[in-house]
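Should a chain be cited, it is by its letter among A, B and C, assigned in written order, with residues numbered from 1 in that chain.
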Amino acid sequence: MTAFLTIEDYRLDIPTFDGDLKVLDGITLSLEKGETLGIVGESGCGKTVLARSILGIGPARGKRMSGRMVFDSIELDELDESEWRRIRGVKISMIFQDPMTYLNPLFTIGRQLADVVVAHGRAKAERTPSRDEQRRRCDALLEQVQIRDSARVFDSYPHQLSGGMRQRVLIAMALAGEPQLLIADEPTTALDVTIQAQILELLRDLVSRLGLTVVMISHDVGAIAAIARRVAVMYAGVVVEQGRTEDILTRPRHPYTQGLLAALPEIEGERHVLEAIPGTIPNLIHPPSGCRFHPRCPRATDICSVEKPVARSIGADHVVACHHALA
Amino acid sequence: MSSVDLPAIAPHIPGFRERHASTIRQWRLYAHLFSGSFSSMLGLGLVVLFLILAIFGSSLAPYPEDTLGAVKLGQRLLPPSFAHPFGTDEMGADILSRVIVGARTSLWIGLVITGIGALVGVPLGIIAGYKDGWVRSVIMRITDLFLSVPGLALALSIVAALGPGIMNCVIALSIVWWPGYVRLVQAKTLSVKEELYVESARALGARTPWILWHHILPNCMTPIVVKASMDMGMAILSAASLGFIGLGAKPPQPEWGAMISVARTYMPDWWWYSAFPGLAIFLTVLGFNLLGDGLRDILDPRSRGR
Amino acid sequence: MLSLTLRKIAVLIGTMIGLAALTFLITNVAPGDPARLVAGPDATNDMVETIRVEYGLDRPLIEQFGIYMGDLLTGDLGRSIVSTRPVIDDLARYVPATLELVLVAMLLGVLIGVPFGMLSAVYRDKTLDQVTRILSISGVALPAFWFGILLQLFFAVRLEWLPVSGQLPLTSIAPEPITHLILVDSLLRGDFETFREALSHIILPAVVLSFPCLASILRVNRAEMIEVLQSDHIIAARAHGISAARIVTVYALKNALLPTLAMIGLRFGWMLGSTVLVETVFDWPGIGLYAVSSSLASDFKPVIGVTLVIGFLFMLTNTFVDLAYAWIDPRLRSAQ
């Protein structure tokens, strides 16, 4: 079976006054149809840049240094703006972190949702739906994300809704074009804990019901575990480890993954002292040589600062990029 | 985001460059951004040129006696030539000389108006921003009242009451100029005062004047400097406007606006008479505007690219 | 929305009273004799004394203030020495011409400034952006009176395309007033010849007046567009497949319009003030020219009258701007 989304050796630099930020350093990922992949890592590790690059809305000044992205045999890096319109929202869609800032404050929910519906109609070369039809589709979409009083929500402005409602609206917008691939960028981070659970439940339900392929990005391992069957761990613009969720969570092989999991507070089971990973995320203008994690790594040896570790398979669907992977 | 790998064992005494690394980087960034912008450098150049003319004007003018109202009826209204690159006026005076010497008049007009505006407006703005209650309402009500009439119109009525003359012009413009600073500084103070470092200084028992001087004022400096730079140009322009109307400087005093006012009666045949003093006003105001714009670009990262 | 409107009107009235007090202050704090100021420079001592009694200038200041405010309330702004008419009548004659000029100039400023600001933001740092940047920065620095003279020299004297000055040729008669705006009235009356004449006369002064205003509207709109185009909801709109044209002209523009509107209000006031220059250059029969000629003749009452009218018009504009803000931004509407 061929991969649905392939990212190969993707490198992205962002020029700044102090030098180029090497934000993504040779990302290689692949995703099969119907699969759910979680990408986990600290803030600033390049998750969001990666996610947006898949939709061609990455940083405006970003420069692709190497690599490619292929979705459903479409070379994403070669699309122009008009071709992108037949992809965005229709084939690949995205939901965002903070539902307040990602909705336009000056337009009603109904207007924004209907516009998305109309835009997708155009992208699929259908005739523009009538007002009534737009309204009907919007209602159906709102119902799909379990908004009951859709009439009220339709005429509301974003500031009149709760955070959870806004996120539901954004999910409805993302699903309006019946996309095949959904990218979820920290969809629960900005929400209250109780709402987080509801939104995760909704997402899980939608994913299984609609058979979506999902890339979910979060620094919250718990949220990732709730949705994703596979996990990729990112550190400083590099995927250090990827594999099945249960393997990664129970038997992490990369020292960084291990540190990340050890830093999680555990609610069930016996409580133990939280372990912090020493040091901070490195400066991406002058990233550490060799393995980018080596200055913080407890297992680092001389080779780590010289040679960049190549990702190697160490078990069924389990890849790690480390010279001294744990057994 | 700097990763400093200091050796942990050997005692390390940081040198000047290291101790001030972030400051040096900041200034390097400023210099880089400023010199990289053509319009900022053009502004700086125009302002420097203007300052040179204002300071050394009387020795640079080819015919210094013409600036004091010498009458040379033999050479009235001559077109631009080698001897008189900007031509001569109705008294036979060299226009270039009068334009050069006019720079000093404009400089002190700009300095006095901007200076008084800032000296009155900044303290009032800080007080209005920092104090709540009636102090703020009184200051802001009065400020808004002054801002409710366009400056030039208000200045005109004040000059009309005081009587024409360059001094009265400066007084009138100073009276209408300070409210802009109150507005600007008050808004900035309001936001700075909520910052954690101010809260913590207050919690540690710092006295209000100390906080105002050490925390509030330094944080208001960026917009003040930018506004002051722009205002130098706008004040010069406003004074020239009043001069043009006939309420400001009176000939033979070499003031650009007043020169154009006289020159207008010699239109259209003697076009150079009004063209060159106007060009001087334009370039001076442009210089200060570009400079202020450039300063804002480098000092206020949020507005970068504006 | 209604309570907001009422509140804004209350503020307007309050500020108007404040402005009246301010003009009173200017009249009385100025060194010299207010009676002489009112009587004019040519008045004899007897006349000054008559004026002093007639205007109650011999009474205590606080009482004078009461009389002054009472007079203003009844529309009595005093009498012009030069025209010998009541100032209020003169103003009624001159205000429409100024309004016409300012409105046309504002229309030019908005119709050119907003679209070009938008284009500059979209094509940021491209040639178009560089050109508009230079134009807009120099626009603010141009002395209006000098720019006016240059345009007169070039378009009126050299090319003879447009008239040098005035609102209509001496030989034409203004149409029977409906709105008192000649451009509008001549159209309403179907008098296209007069309309053409009026249009050709208004072009140069309107361009001069609008240029700095156009420049700052353009700059604000560009800056706001650039900022809005980087905001999260625009990224989301792009991700949802909304076309770039629609994002720029609908979604981003509406957000950028709020600060632009504030600038439009500010510039409207600036234009009203600058009419004293532009009307002088172009001999435009409005309140600016009225104020200038009165002040040169030391005729003080008309100057105060013009200041009050300009202040009132400016405050009215700001009230409209505030209401338009609330109309555009739902967050302000529901904040009540």
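One rule holds for everything that comes next: a contact is a pair of C-beta atoms (placed from the backbone, for glycine too) under 8 Å apart; a residue touches a chain by one contact, two chains touch by 3 or more.
This structure is a prediction, so every number in the text was calculated from the model and none was measured.
The interface carrying the most C-beta pairs in contact is the one between chains B-C. Of all chains, A has its CA centroid at the greatest distance from the CA centroid of subunit B. With centres defined as mean CA coordinates, subunit C is found 53 Å away from subunit A. Chain centres here are Cα averages; for subunit B and subunit C they lie 24 Å apart. Listed in rising order, the residues of subunit C touching subunit A in the complex are 230-244, 246, 251, 254-255, 328-331, 334. Within the complex formed with subunit C, the residues of subunit B that make contact are 39, 141, 144-146, 148-154, 156-164, 233, 237, 240-241, 244-247, 257, 260, 264, 267-268, 271, 274-275, 277-278, 281-282, 285-286, 289-290, 293, 303, 305-306. Taken together, the subunit A residues at the contact with subunit C in this complex read 52, 55, 57, 60, 81, 85, 87-90, 93-94, 96, 98, 101-107, 112, 115-116, 119-120, 122-123, 157, 159-160, 170, 173-174, 176-177.
Touching subunit B in their complex are the following residues of subunit C: 15, 18-19, 22-23, 26-27, 30-32, 37, 124, 133-134, 137-138, 140-147, 149-150, 152-153, 157-158, 219, 222-223, 226, 269-270, 272-274, 276-277, 280-281, 291-292, 294-296, 298, 300, 303-304, 306-307, 310-311, 314-315, 318.
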